[in-house]
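Given below, in the form of structure tokens, are the structures.
What follows is a pair of complexes built around chain A, which joins chain B in one and chain C in the other.
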Partner chain A sequence: MKFLEKIIHKHEPKFAKGGKLEKWNPVFESFTTLAFTPALVTKKGAHIRDGVDLKRTMMMVILALVPCLLFGIYNTGHWEMVAAEGNRNIPYLADFWTKVGMGLKVVLPLIVVSYASGLIVEFIFGVIKGHSLHEGFLVSGMLIPLIMPADVPLWMVAVATIFAVVIGKEIFGGTGMNIVNVALTARAFLFFAYPTSMSGDNVWMAGKEADVDGFSGATALGDLATFTTEKMTVAGADVVNQTSEAAMEAFNNSYSMLDSFIGMIPGSVGETSVIACLLGAALLLITGVGSLRIMLSFGIGGFLTGLLMNAIGTNPYMDLPAAHHLLIGGFAFGAIFMATDPVTAAQTATGKIIYGFFGGVVAILIRVVNPAYPEGVMLAILFMNVMAPIIDHYVVQSNIKRRLKRLKTA
Partner chain B sequence: MSKSIKLRKGLDIRLIGEAKTTKSKLPLPKSVSIKPSDFHSMTPKMVVKEGGKVNAGSTLFYDKYNESIKYASPISGTVKAIVRGAKRRILEVVVESDGQQSYEESTIGKLSDMSADQVKEIILSSGLWPMINQRPIDVVADPKNSPKSIFVSAFSSAPLAPDYNFLLQGMEEEFQTGLDALKMLTSGKVHLTLDAKSTSADMFKNAKGVQINTISGKHPAGNVGTQIHHIDPINKGEFVWTVNAQDVAIMGRYFLTGKFDTTKTIALTGSEISEPQYFETIIGACVSDLLDGKIKTDNVRVISGNVLTGDKIDQDGYLGFYHNEVTVIPEGDQMKFVATEGWMAPGFKRFSNSRTFPTWILPKSKKFRLDTNTNGEERAFVVTGELEKVFPFDILPMQLVKAAITDDIDGMENLGIYEVAPEDFALCEYVCTSKINIQDEIRQGLDLIASECM
Partner chain C sequence: MSEELNKTKKPSEPLFSKKNKKLVTDPLTDNNPITIQVLGICSALAITVQVEQGLVMSLAVLFVLLFGNITISLLRNLIPSRIRIIVQLVVVASLVIIVDQLLAAFLPDVSEKLSVFVGLIITNCIIMGRFEAFAMGNKVWPSIMDALGNSFGYAWILILVSIIRELFGSGSFFGIPIFGSPLPGEEWGLYTMGYMNNNMMILPPMALIIVGVIIWVQRSRNKELIEEH
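And now, the complex of A and B:
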């Protein structure tokens, strides 16, 4: 790698202060630091520094997303085939490589568009503000395609990504300063700006037309359009006009617990498989990058709310078993990859538990009580992002009070 | 009533180059230097001029704003240079040895016959006073304050730290006398805190007139800041003084002999030293004799003190006033290719407290050769919870650092700035993923508090 280093050193003066291309230094620096850890040394204080840096941390998150990505590619291919043939009963593992190919054709462009549009914005801001690329977007850029419906138009992804990076992050000062999760901002933006592309029963399978006969039942659903959720969309055809027990049964026929757990259900690209999410969670927890406090409390919050809703039980959503709630609707994906975003989550240890718990509670509440917004998880996390500073504030206050009390007793 | 404390948080950074417990005596250094920068926020007022003759114990300068605090020469000879920096700030006062070491004569009586004021007066006029530090703010103690207690740590837990049992070997009487003298400076207690993990020398275990506490855990268990927080925490308006154990012995020696004899043992450590071991020298000694022929590689960093809190010095630089060791580690000013050494590499050589590098799987006996590379660029705070893992205080480190960065005085007061010193945050600075210079930020916060609230 000496030759690469030589090239860098050769071109360095041009980008240095006073050089011809000084303005472009952030871009130059971004690329050189991707290839080499810079020769920066400590000056005083701690003369040695931990091996970890933000690039390493972010790389771990991306690695953790790989199972979801791989599974997502296959799952997308599967449902595309289902939609194309209009046959729900295609065995999940049949035509493996064809499905992989179909999935790649859908997912790769999403990833490319998300990274390209986001990085362009990042670099523009980097050049304006004179800082090199902040690593945060490397993760956001991967998360965004994974939480998009397979059928979303690429230009929408680009618009949403640009919106999220600019409004969600850069205007606050970049990575580390943002209030809400960037990837979820992108999704929320699309959800409210282009609802027809983001919800309903037609977007979750690439290439699916609304009225493929004998398969979607979209016509029977017509008047229930507002009632659809991404996971219940297809099942909803049978669900809504019947008693909730029957609805449950129909639902379970289409989306058994096992199917949901493995992820063999339609949904956003990368969020359907709980197994893949758990694999990612394992990596995040082993490396200490993700917060166990948040993941666990998020799950517990969701589960308890699910139980409570079961007890009330006035609509099919309420009757859905609590455990099943955790397996669908991107709940696991949200809890593991979204809620744990360290910048937008609560920052204190106690705060994380409260934050996660209420995140889970609100996610299920939105999903169940207001089925017009089945995207409970997304909205719940965004809501808790906004609440996190308040939670932290009270945790900090309690620390301050405890320490003041020490003065009084002493 | 002695206390025993168990810490669960902290981090032992396992470095190559621990000193073997053998001691060599170095010849009297050719020159010594007292650096005003060792005494934070002190403005020196010179007493001597360049070329002037001094004895060991003669005052070189005093604190302009606290004239009773004198800073003495550890050596006899001529003042060779008063090195000034920007705005004529005095950076160091170099004294060249005359090779004889003649001491300033003084006759002092027995400590047991003295009053507290007399003891204080002797410590101030002899040049020993700067050895006493105060919390809050972590500066040389103000003699006008009365501390609620005085803390001495009987060990250091920092990476490659010298073994205090060895440092103070043979100084039993001096150490005890030093403690006795300190006892007279406070109406409260003198706390001596021992390491619960290893056996302390008898002089520590059997020290008289002090409260003996034990603490167990990883670094920073040996830091006085940690000990104060768990034993006798500081509230606003209170003062605690701290003295390094070896300086206690030097004080004791003065009370026994009347001589400003700053002979001390220091450890020469670090991965770039061919035979790390202990040496006997004096405060402020030039390290060129010490390092001569012992450095294995070119391009090294010489640190007076430990790798977490020490000061960078030249190879012919001078030992810091408070330091008990000199550490030499490789300089890290080379680029590292990502896939072999950088952020994408497996990284078995990158010691890390985060488990993103596999070094945490390696056996605890494995030691590392770490260089001065920051291993990444500075970023905004992103990762949360990592500072908390190495900060064994009931204080929220990240919130306090943020308050310090934003000059939020109320925030700092509430979050516990009075209890901390920059060195308490050394590990936080080490582990910080965003490579923020936390000790510096805390120091600036403390300076703001000192100017606004004290």
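And now, the complex of A and C:
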């Protein structure tokens, strides 16, 4: 480390104001502060908690994502093997290291492409606008690969990342100014731009699905979406007699609550394991980076909507236990890592609860009521991102009104 | 005072004076009807999927605005100001019907694609805006210049947006395939390498985003366009 520090100090004057390479200061600064605390930290004043650099906060989120990432790598490998053999019944822990290798081969390129394309855009804007590199992308660059289907072509990831950073963030003024979550913007872009590569039965497992009778790469949500149609299928097989009891039983066989909780189901790379998400959530809460209010109210909103759907219960999908809703798809991942994005979420304490609650409600509503979009969490969070400023506005206004009333009566 | 001014007869202005030229050039850039005044957005979003539609729409608006401006400018001293909006509407409506019938007669397929949006030129704010703001108070020649400038300003945005949308949304330009063909079984060009058309380009929101990016570029080039908050 001392060695690195020496090199940096030697070259620093060149990048300082008036130096030969002044123009490239943003690039230089970004790389040096990645390794060392910047010389310029606020000594006193504005901080409420501590003088932690934005980059350190972001690092904490990335650390919290590590369990999801590791589990995601293994899970991707497992389902790739399943797809190659056309057999869903391969023991989950068999051929451990082969699966790790297969998963790495899929996930690592996703991460590299996402970071490379995003950081290039950030560097270009940094040099044009003359500010240092915005750290926000450190987290977005990690989130993007985790919310992609394993089979997505790499060039699409690059296009989506560039789109999300430019249109989702830079156009509004860079990190901290964006209205919608950058990673979800990338996913939503792909979802609408290349629907055949982002949804359906053939994208969730890397590689080509084996041409075996009755084999399908569908996810839990994809199967559930068929429950609202005439032809109910679970994992490629038609449901016996097409009754709702048989459908629910077949569904529970393929994606039991325990499997969904551990994450042994197909899905986007890093979203399947609720345990891994909860580990990340614990780290975020301990370090004070994530908001417990949002996470909890998001879950409660989803759970209550699930109960409401059970009460209506006009098709087999509506009968899915409310708790099971929280375990499948990207619900936990979205609630913990996406909805809590400090920039795009509501800022006031009451606002956070309202924001989270309706996020959960909308997510389940989209899932169950609109089968065209099997997963509603992405759209729900983007929708609530847009609503967050309005929620905050009314929370602040009602607070002012209440206090004014108190003032008048006193 | 005003009588005196009227008596001293002003020398007639040359046809292409600086002022007249500005009437044409201003709406192209710094006073563009779409990107700066943000008028006529709905048609810009709806019909820019293909270059052909964008071009035909631009020509239709050019026709309506040009002849409308001339008519209103000729009638400007005869129109009672109380009912001027109705008179303007009558002028636009008759011109739009002419355009609509012409398109249906000679370009039936384009006319079908544009569907109601030709009829909706009546409600295009650019046209009523120019009538009200310019033709009602100016002579015929400046009104012609104004109509040309505004419809060209409208046209270049429309055509730029539709070029981008057709190129990336359908992989073609004016219906001519640029990137190859995505037809399953007989793919050629980029599509054999896994390239896919961007479906979002076909959806109207993408047009809004492209227009937004044009506005962004325009404002960052000319800081005077940025409003104070």
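What we mean here is this: the second predicted complex is superposed on the first by the 368 of 410 C-alpha atoms of A that agree within 3 Å, B and C clash if a C-alpha of one lies under 4 Å from a C-alpha of the other, contacts with A are read in each partner's own complex, and residues count from 1 in each chain.
The working rule: a residue touches a chain if its C-beta (ideal position, glycine included) is under 8 Å from a C-beta of that chain, and two chains touch if they have at least 3 such contacts.
Since this is a predicted model, take the numbers as computed values, not measurements.
Colleague: Is the arrangement of chain B and chain C around the shared chain A a clash or a fit after superposition?
Modeller: Verdict on chain A: chain B and chain C fit.
Colleague: After lining up the shared chain so the two structures overlap, which partner does A:Gln347 touch, if you call chain B first and chain C second: first, second, both or neither?
Modeller: Only chain B is touched by A:Gln347; chain C is not.
Colleague: For A:Ser197, decide between first (touching chain B), second (touching chain C), both and neither.
Modeller: The second partner, chain C, only.
Colleague: Of the partners chain B and chain C, which touch A:Arg402 in the superposed model: first, second, both, neither?
Modeller: First partner only.
Colleague: Thinking of the overlay built on chain A, is A:Trp155 touched by chain B (first), by chain C (second), by both, or by neither?
Modeller: second
Colleague: Which of the two, chain B or chain C, is in touch with more residues of chain A?
Modeller: Counting residues of chain A touched by each partner, the higher count goes to B.
Colleague: Under the stated touch criterion, which partner chain does A:Ile336 make contact with: chain B (first), chain C (second), both, or neither?
Modeller: Neither: A:Ile336 stays clear of chain B and chain C.
Colleague: Take the Cα centre of chain A as the vertex and report the angle out to the centres of chain B and chain C, nearest 10 degrees.
Modeller: Value: 90 degrees, nearest 10.
Colleague: Scan A:Val139 for contacts with chain B and chain C and give back first, second, both or neither.
Modeller: Neither partner.
Colleague: Enter the shortest inter-chain Cα distance between chain B and chain C once the structures share a common frame, rounded to whole Å.
Modeller: Minimum C-alpha separation, chain B to chain C, in the superposed model is 9 Å.
Colleague: Which bits of chain B are touching chain A when the two form their complex?
Modeller: 13, 15, 159, 233, 235-236, 301, 303, 307-312, 327, 329, 331-338, 340-344, 347, 350-357, 359, 370-377, 379-385, 388, 394-396, 398-399, 414-416, 422, 426-427, 429-435, 437-440
Colleague: Enumerate the contact residues on chain C facing chain A in the complex.
Modeller: Touching chain A from chain C are residues 194-196, 198-201, 203, 209, 212-213, 216.
Colleague: In the complex formed with chain C, which residues of chain A make contact?
Modeller: Residue positions touching the partner: 153, 155-156, 167, 171, 189, 192-197.
Colleague: Taking the touch rule as given, give the residues of chain A at its contact with chain B in the complex, in rising order.
Modeller: Its residues touching chain B are 1, 4-5, 8, 33-57, 59-60, 132, 134-136, 173-177, 286-289, 291, 342-343, 345, 347-349, 352, 392, 396, 399-400, 402-403, 406-407, 410.
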